[in-house]
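Chain lettering (A, B and C) follows the sequence in which the chains are written, and residue indices restart at 1 in each chain.
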Amino acid sequence: MKKLFEKIEYIDLFLWLIRAAIIIIVIWGTVATILDNPYSTRQWTDFVIFGVAQGSMYALIAIGYTLVYGVLFMINFAHGEFFMSGIMTSTVFIAGPMAATGFLNRHPIISLLIIALFSMLVSVGVAILTERIAYKPLRKAPRLVPLITAIGASLFWQNFYRGMLGSNVKPFPQFDILAGSIPLLGTQVLKTHIAVVLVTIIMLIGLNFFIMRTKTGKSIRAVSEDKDVAALMGIDVDRAITITFATGAAMAGIAGVLFALVFRQVHFFMGFTPGIKAFTAAVLGGIGSVPGAAIGGLFLGLFESIGPSLFLQSLGIPAFNQLKDVIAFIMLVLVLIFRPQGILGEPLAEKKA
Amino acid sequence: MTENNIILASKTVSKNFGGLVAVSEFDFEVPEHSIVSIIGPNGAGKTTFFNCVTGFYAIDQGDILFYGESITSKSPDQIAQLHIARTYQNIRLFSNMTAIENILLGMEPDLHSHWYGAILNTPGTRAEEEHAVEEARRLLKYMGLVGSGDLLARNLPYGDQRRLEIARALANQPRILLLDEPTAGMNPQESTETMRLIQRIRDDLGITILLIEHDMRVVMGISERVTVLDYGAKIAEGTTEEIQRNPQVIEAYLGRGAATGLETTSADS
Amino acid sequence: MITKQSIQLRTPLRFGIIAGVVSVCASAIGLVVLFSERELIAGVITMGQILIFAPTAALAYIAARDHAEGQRGIALLYGSLTGVISGIPSALLILLASAVNLRQFMPNVSPALIEILSFGLPPVAGSLAFLAAMTAVGLIAASFSLLPSNIKRPIFNGLLWTFTIGLFSENISSRVRFFFGSEFNKLIFTGKALDPFVAALIFFLAAGLTVWQGRRQTTHTEPEGVSTSRKSRLRWMTYAGVVVTLLILPLLLGSYLSEVLNNVGLFILMGLGLNIVVGFAGLLDLGYVAFYAIGAYSMAVMTSQGPLGFGLSFWAALPFCVLMAAFAGLMLGIPVLRMRGDYLAIVTLAFGEIIRILVLSDLLKPVLGGAQGILKIPKPEIFGLVLKQPEQFYFVILAGVLIAWFVSWRLSKARLGRQWLAMQEDEDVAEAMGIRLVTTKLLAFSFGAAFSGLAGALLASKLTSIFPHSFKLEISINVLVLIIIGGLGSLPGVVIGALILVGLPELLREFAEYRLLMYGLLMIVMMLAKPEGFWPSQIMKRELHIDEESEMLSAEAGD
């Protein structure tokens, strides 16, 4: 008992106070909201469905963070831009003209496939280019260095797209087959939301197959275990790393299409917030773990969609929805303070002397 | 000349990493002013034990006593404040700082100037700093590193880096000095020099030495007592002669084919 | 002629493609059109043309110098090939733009751009002309590489000086007009650009000086070991010169340039703060703007004469602003104490965003004014004189910068600075030395935050009104980039970085829109080519003082 007491420092005390304060606010807000009951069950169901759809996109983007962290132990700050670049390019050059000629709604499935494929290709291209130029030559440098180039790459791509395609918000055309909603779970669910969740599930299954079963997937896993040993086993480590970036970017490219389907607009700065959120999701689930990214994404989406209404509304906070992002960011901070290994991650190794 | 005061004691210390037992129920004592060695095959838990003593790892079970007082729950900086200093198996100098600065950092427990003193450049701060630098130069000279003071640590030759690391530990004015393979990577002549140096540190400065070493010539040459670890557990303890004759020790080394230690010793002597 | 050597066509091909893609991208994102408005030499060359030709010239030069193995013919071949190939993307762009309305996709591919690229000719002729121009550029660059270096250097320096003066001719011209009258100004500048004749004069002057200097160095070498008294006298004279310059600078520069200088000063102040956090202590902080905002809003709330303020005086509020920011640094520092590297970066980034969103939110609107901000912040007053003009406010900022510089300098030489560096290099070993990481880290965060808070407070007073959108992530990035450019951990580096990153874009106003693009590129290029920055910290210099040290010690050992 005495030993335990000695170990608690002021800092821990402070952190515990933060934790307690947030738990109190959350519980207080939740109880107040439940007592108030401002929403019907159907509205809550809507929140949940939107949360799942939003979380699916986070999950897809989070895959890229997690995969890259797994092999390089580096946070790829430019990943949000991989997400943006694909859908920006395909909206302007593919979806826009297709909608203008009417091809889009005459052959919606083909159009969607072309858009998705093109978006993936561009994202992958941007990712490979970034990796070649900004990360690969710096693989042996101190960790601060690739982090800085990653931030630089992120700035560059954002503003490159801004200059090339303009800084205005671009509309993403409406797909008639995805318009409207269908009754489900006692409410009307938007067709786009269903499509988002379905596509995400398919992509995650495909990714799992790729990583677990294919030879390339195995080489990625081997490299993330131990680069040197993998190289000795005859695995081309550089190629595996490039493929890792490409895989993450492909997922981000698809996430971009889903994002455009839901929000019907794209913008050069659209990668920033989802990027940070997806990173939060990856950390939440346990960075380095693919299932973790999926679960973390889902969790964060739900939290963000339900959170403001559940925790903040009855605390008398005006325009509580403005604080949606604050909730996500505070969650990131809390997770990193109290459970840096995330939900599914293994405990981080003790520091080595 | 050894007194019977126990400076450092380990009581049934255990440390696990996941399922792996790195140190198990380790009982161990170091008498004041002695030179004690811990030997054992690679991965026997020697460095892990050092890390437990210096507060890098929290131990899972047992207690570590320094002059009879528990230091088990102390953090590395608190342990340094108690004047327990160490070196590292793979040299861990502040490589982009000069040799003098490395030594000055070793003196941390005895420096007390504050940031506001530094900004105002108060006489007290200046005096402390000047005294510290003088002391650091003296240590450099003692370690035979004259002229290397303003060189960056990473630009020193390997042997000098090893010695600088010892100098940095000595700057702490330690009561006990934990040396983790101080002769690793040295040729026989350098090893002998280092061995003499360790002896001198004990004799001149009265500092207790706890040594991890693979070079049996060094171990047998200067240790007063030797403890043998294998798979985290103590398998033998005694004077050098006792250890050399102990069948369990020979088996631990030879039985696994990792017998470099004893073989070279017999070849040397 | 080129039979002996095997010709590696891959080199010019690769270089040509790179240069071509770079220049076509510069066109497509709108840089070329924008820069074409800035003439360097009246009627001769614009900044936009430099932008188109520079990548080709540089790569053709490298191709000819490094890959031709001294063969003149091959060098020229490589140069011209690089030129042709690098012209193809833009030539295609010209043809494509004449066939399709590219502008609906890429708003910056405008008729103006096509006209610049095709030299005003019809599409086919224009694209051919462009190809020819690029080939010529490649050929010239390649032949330049063949010149002996004692001719190369004067030419290079001459061009550099001419273009630099041409680039800033607008600002130089306004100063010349102020001091020497507009008649004299007209002699040198035509409109806003350099007169061709004067440009030639500058070129020959700079080239001549280079030659003269080269001669002087070879014939007349400085005697070794200048006496120490003379050295120290020189040093004091330098210091005195710097001080006098700093004091009269606003008089020389006038209102507009003083305002630019003030902005640079605020960024130097922030840079000095972040330099402590990142450069000394090695803690990558991306939410640094939070403390800038806290300083600014503290000043605003305490001094504003509007409905939200307390109406205190600037000088009464200033210390509180700094303390508030330092305290915030402490509070935000505690949760991140145990995080390292990447995690720290992203959490501090989140902190910055949290602060910005909170300031913007309706929740704090009654206190901080939400998106409408806080208005009517008074300017500082000294002995009844209100410091309204930028030339006057300059001195407040200068004082702030000097204090921050002094504090940084003293700390860097003291025990705390040593602890920071040790912690940056190896946290575990630093702790094992007896350094209390908690205190050391929190001091770094607090000092960094205090400087930034000071900058924020000065900003609020300088602008007299503040809004949440002034405190975007962009500022954090900006400050981070400037200390990287200058050299992490280096105090003069902060000044250099701020001048390059904040001063330059303010002088080249059209640059503003592409500022972040340049920053991004600079961050990558710097890390690849010169990670230690333009003015590296003392580590490099230290190595030069080895001799003194060993002499002293051997003398000591002797007695």
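Rule of thumb we're sticking to: a contact is a pair of C-beta atoms (placed from the backbone, for glycine too) under 8 Å apart; a residue touches a chain by one contact, two chains touch by 3 or more.
Everything quoted here is computed from the prediction, not taken from an experiment.
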item: Maximum centroid distance from chain C, chain identifier (CA atoms); value: B
item: Highest C-beta pair count, chain pair; value: A-C
item: Chain B and chain C, separation of their C-alpha mean positions in angstrom; value: 48
item: CA centroid of chain A to CA centroid of chain C, Å; value: 33
item: Per-residue overlap in chain C, given as positions that touch at least 2 other chains; value: 428, 432
item: Contacts with two or more other chains, residues of chain A listed in rising order; value: 351-353
item: Of all residues in chain B, the ones touching two or more other chains; value: 54, 56, 88
item: Complex contacts: residues of chain C adjacent to chain B; value: 406-407, 410-411, 413-419, 421-422, 425-426, 428-437, 443, 539, 542-543, 545-546, 548-550, 553-554, 556-557
item: Partner chain C, residues of chain A touching it in the complex; value: 9, 11, 14-15, 18, 74-75, 92-93, 96, 133-134, 137-138, 141, 143-149, 151-160, 162-166, 276, 279, 283, 317-319, 322-323, 325-326, 329-330, 332-333, 336-337, 340, 351-353
item: Of chain B, residues touching chain C in the complex; value: 54-56, 75-77, 79-81, 86, 88, 92, 94-98, 101, 104-106, 108-109, 111, 113, 115, 117-119, 121, 125, 129, 137, 140-141, 146-147, 149-152, 155, 168, 172
item: Residues of chain C touching chain A in the complex; value: 25, 28-31, 105-108, 282, 284, 286, 334-339, 341-343, 345-347, 349-351, 353-354, 357-358, 360-363, 365, 428, 432, 438, 477, 480-481, 484, 513-514, 516-517, 519-524, 527-528, 531
